[in-house]
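In the two complexes that follow, chain A is the common piece, with chain B as its partner first and chain C second.
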Partner chain A sequence: MSALLGVEALSVAVPARDGEARAVEDVSFTIAPGEFVALVGESGGGKSLTALALLGLLPPPARIAAGHVRLEGRDLVTLESAALRAVRGRRVAMTFQEPLASLTPVLPVGAQVREVLEAHRLARGAEARARAVALLDEVGIPDPAQRYDAFPHQLSGGLRQRVLLALALAAEPALLVADEPTTALDVTVQAQVLALLQRLRRDRGLGVLFVTHDLGLVAEQADRVLVMYAGRIVEAGPTAALFARPAHPYTRALLAAVPRLDGPPAPPVPIPGAVPAPGAWPPGCRFAPRCQAAHDACAASPPLRPAADGHAAACWLVPTT
Partner chain B sequence: MSDALVEAERVVKRYGTVCAVDDVSFTIDAGETLALVGESGSGKSTLGRLVLGLEAPTGGRCRVEGDDLATLPAKALRARRRRMQLVPQDPAAALDPRRTIGASVAEGLVIHRLAAGEARRRRVAALLEEVGLDPALAERYPHECSGGQRQRACLARALAVEPVFLVLDEPVTALDVSVQAQVLALLADLQRRRGLAYLFIAHDLAVARQLAARVAVLLRGRVCEEGPAEAVLGRPRHPYTRALRSAVPAPVPGAARERILLRDEPPGRALPAGCRFAGRCWHPAADGSCRDEAPPLRAHEGRRAACHHLEDPR
Partner chain C sequence: MSATPLLARLLRRPGGRRGLALLVVLAVLALAGPPLARDPLAQGDLVSGALRPPGGGHLLGTDHVSRDVLARTLHGLRRSLGIGLGATGLAAGLGLGIGLVAGIGGAAGRVLLRAGDALLAIPRLFLLLVVLAGAGTLSAPGLALAIGLTAWPSASRLAAAEARRLWPQDWMLAARALGASPARLVLVHLLPHAAAPVLVAAALHVADAVVLEAGLSFLGLGIAPPAPTLGGMLLEARPTLAVAPWPALAPGVALVLVVLALGALADALRAALDPQAAA
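Entry: the complex of A and B
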């Protein structure tokens, strides 16, 4: 299967105390059409910067320092800004955690969807309106013709998140980058949004990069999982294998931190400490200072190497295949 | 009247024509945790404010240590407020951005004149240490702290006045899973050491299970199921609780479990006269009686639940 998205050795530089630091370093992965890939890790690990870099949306002075982002064969890193604008929205779109910050408060939500259609010259006038209503319907907004005229503040958090999805999907992108789309939502609404994403990838062949801090959330959703820590991918693999035999101590720690409803009562296990800031990353394995299994070899940086079950892990303790 | 530390007795709260809390009763003993779970708008936070006496109920009574908060004289109420504190959901909004963490934590000590000068400084340092923060953080401002540090600071502020009862309003919802686990462990530890009672407000059942021995599920202002956590969360019987449980993602690929996808509440429709869940109920037995007749809470399989069709096992 040819890749929809191919990220190669992507590095993102951000300002640090002494010049610049690589907040994202040497990150590579692919997403196939219709594939659901989860990018998981704690806040401050570089997930959101990676997502923003894919769309050329890094807030300056953060910048792509190295690497390629190939979408349908075209390298977005080298694209002129006008050409990039044409790709953004049209071929790749992004939704953010806080819908209120992404929607303008002064326009009805339907008009905002219609604006996207008109900006990309996909429809005009009455046809644009009809398509906007159809999109609101597709993302599961009840009474879409009436809700078309609603302002963002008149909608619940779950409906707003769905409006964001309608905006992102308006120009029929091939890839959706969703940054913590369900974190602020009730579990019932979260379940609806996740079901919607699954339907969209089935019906439209939409590729999804789903960014989240909650590894437990993606067990039933993702085809593949990328675990990110301190700017690097530390484990990657098919979801079933990664959950059955998490190889990297960080992946195991993330999983142990998930509060469980199933099984006997066992409190979630916290990960001691926090992700260090870019520029303050320790030499060698960056997780070593928080790792219970750390030993002498961890003073050297472990590469992402193939492990069992089609995994890859960046840990000296994981036997390679 | 019971000898519970906190007692809500048939509490009703109306805002104009909107009934936010409708005939809710519960008790919390010293050192005990009751979890209040439900979706946004179910009345959880309003109930939290009612039991703290921050709002007055339209009907019913909220008692703390035996006294009805609505009838306590102002001075006695102020003194009683020291015994109970609120820890809010969004620590970023709850801390004054222009004051240092230390000044915010000291606020209660100042208001209730509990400590001054060097004694106050020492007290703040001890409180920060108790919640797992470096006392040096007292000099920092909220924006210099992580979400987890801010939530710990909010806890330190609440503990400063030596309360016996905390209302924890979604205390870990805004936090990363890894930090969530840290704060949950801290809450359990503080409860053990200080004998605190908690009203733990949460929409996430898996989080509620970590702290609570008892759970009450709130559905549009009414309790629809309540009882021991293992019964209510482990084997829920009310169709609404079953739907809530099924919405919690299992961190196991391909887990075999009940999956119920709830519809949204139809917009603009008035509350049904009967069961508050009637408009969204997925249960095959749901019928006209659900819409017309409010089911009472009744004992069933080791908990109490309000549904006409509890005996139907589907």
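Entry: the complex of A and C
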């Protein structure tokens, strides 16, 4: 099966004290149609920059320094702005962390859904309204015809997140990039939104790149997981295998930091230190200063190498297959 | 409630109701009054007909050259309101356009914004005096143009400030992520915000422009006599104010009512344009 999204050696440059630093470096992955891929890691690891780079939305002066983003065969990196605009929303859509801040406060939510339809010339007038109501209904908003006229601040956080999804799905994209879509929600609403995402993926064959720091969510939802640390992907693999046998020390540390309810009670183990800022990254393996298993070889940067169970991990300790 | 039209939200506020009702009355008077009233330029007997108190054939009396004060007030109201609205429309439109372009980083807009700042540094009345001294007396549209062209800088500053504040907001990025073009970002996601303060300022500015026009006419630099304007009438009534106040009273009251109505409207508009405050 040909990939829906193919990211090849993507690097993002951001301004640093001495010129530029690569906040995202040499990131490659693919997403197949209908596949749910999670991009996980701590804050400051480059997840959001990666997501923004996919859509060409990096805030200047951050820029794509190298690499390709192939969506359905087309390289978005080289696309000119008008063509890129036509792709955004239509082929790939993105939702952001804070639903209230992502909605224009002075427009009723229905009008905002309609706006996407009209921007892509998919419908107008009464037809656009009807489709907007249908979309609000599809994402599980009760009384969609009445909610159509509601302003964002009049809706609950869960409903707002659903409106964001309706906006993102309005132009029937093939890929959804969801940046921390459930972080601002409480747990029961999180579960509802995730169930909705899974349904949309089934019904529409939607590919999803789910950016999150919440490994618990990932374990239940994702087909594959990409673990990102300090701008690089340090481990990638099918969710079940990755959780059962994490290969990279960073993945293991992340998992140890999650409180578990199954098995004997054990306090979560925090990872000492924090992700260093771009430009302040150590030479060699970037996780080495925080890694308990660090040794001499870590002075050289380990490549992402295939390991057992279809994993790939960037660590010298992982035996290659 | 939700997306009720602006007018309905305006009417829900007592201030909005009062301001709007007063404005409608004034507008009806200004539009329907002149055709029904006497000829504002027609003079009666200069000796026996001048400065007659209200009553008789002249409901509001006559002025110093025995013209009907009611007719002149109605005509003057129409002309003054027209100038005020025209000037304000021009100023608000120019100001919004320039301010938005400047606020989102357009170079041309920024240059114009700075030019506007320079214009703001010069007292407005002085600026208009210079313009009008050069042009002599003006027609009503000409005066509206002159007032409007000196008024846009404050509107553009408001619009630019809003645009600068809103451009980096998340929903702008979110809209871009869904394929909104720059034109759509400005018209759909920016304009409704930026228009709110400009609209409120505009409602106040109509009153300002009417008073400014009155002031200019009072100085003899506005509309050429004998065409009536509210300010011109006040000027003409001044010498006889002590013996016969009525030629000044009618245009004065009209002017006060216009300012009051627009002030109340601006206040209610500010509240009604804030969706968070919609009860």
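Assume the second predicted complex is superposed on the first by the 321 of 321 C-alpha atoms of A that agree within 3 Å, B and C clash if a C-alpha of one lies under 4 Å from a C-alpha of the other, contacts with A are read in each partner's own complex, and residues count from 1 in each chain.
Simple rule for what comes next: a contact is a pair of C-beta atoms (placed from the backbone, for glycine too) under 8 Å apart; a residue touches a chain by one contact, two chains touch by 3 or more.
None of these values were measured; they are calculated from a predicted model.
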{"item": "Contacts of A:V87 with chain B and chain C, given as first, second, both or neither", "value": "second"}
{"item": "Which superposed partner A:H248 touches (first chain B, second chain C, both, neither)", "value": "neither"}
{"item": "Partner chain in contact with A:L167 - chain B first, chain C second, else both or neither", "value": "second"}
{"item": "Per-residue touch tally on chain A - higher for chain B or for chain C", "value": "B"}
{"item": "Touching partner for A:V116 - first (chain B), second (chain C), both, neither", "value": "second"}
{"item": "Touching partner for A:S102 - first (chain B), second (chain C), both, neither", "value": "second"}
{"item": "Which superposed partner A:P265 touches (first chain B, second chain C, both, neither)", "value": "first"}
{"item": "First, second, both or neither for A:H153, with chain B first and chain C second", "value": "second"}
{"item": "Chain A partner contacts - residues on chain C that touch it in the complex", "value": "2-3, 169-171, 173-181, 184, 188-189, 192-193, 196, 275-276, 278"}
{"item": "Complex contacts: residues of chain B adjacent to chain A", "value": "39-41, 146-148, 176-182, 184-185, 188, 203-207, 209-210, 230, 233, 243-255, 257, 261-264, 266-267"}
{"item": "Chain A residues touching chain B - in the complex, by the definition given at the top", "value": "42-43, 142-143, 146-147, 156-159, 186-192, 194-195, 213-221, 239-240, 243-244, 253-262, 265, 267-271, 274"}
{"item": "Touching residues (chain side chain A, partner chain C) in the complex", "value": "55, 57, 85-90, 93-96, 98, 101-108, 111, 115-116, 119-120, 149-151, 153-154, 164, 167-168, 170-171"}
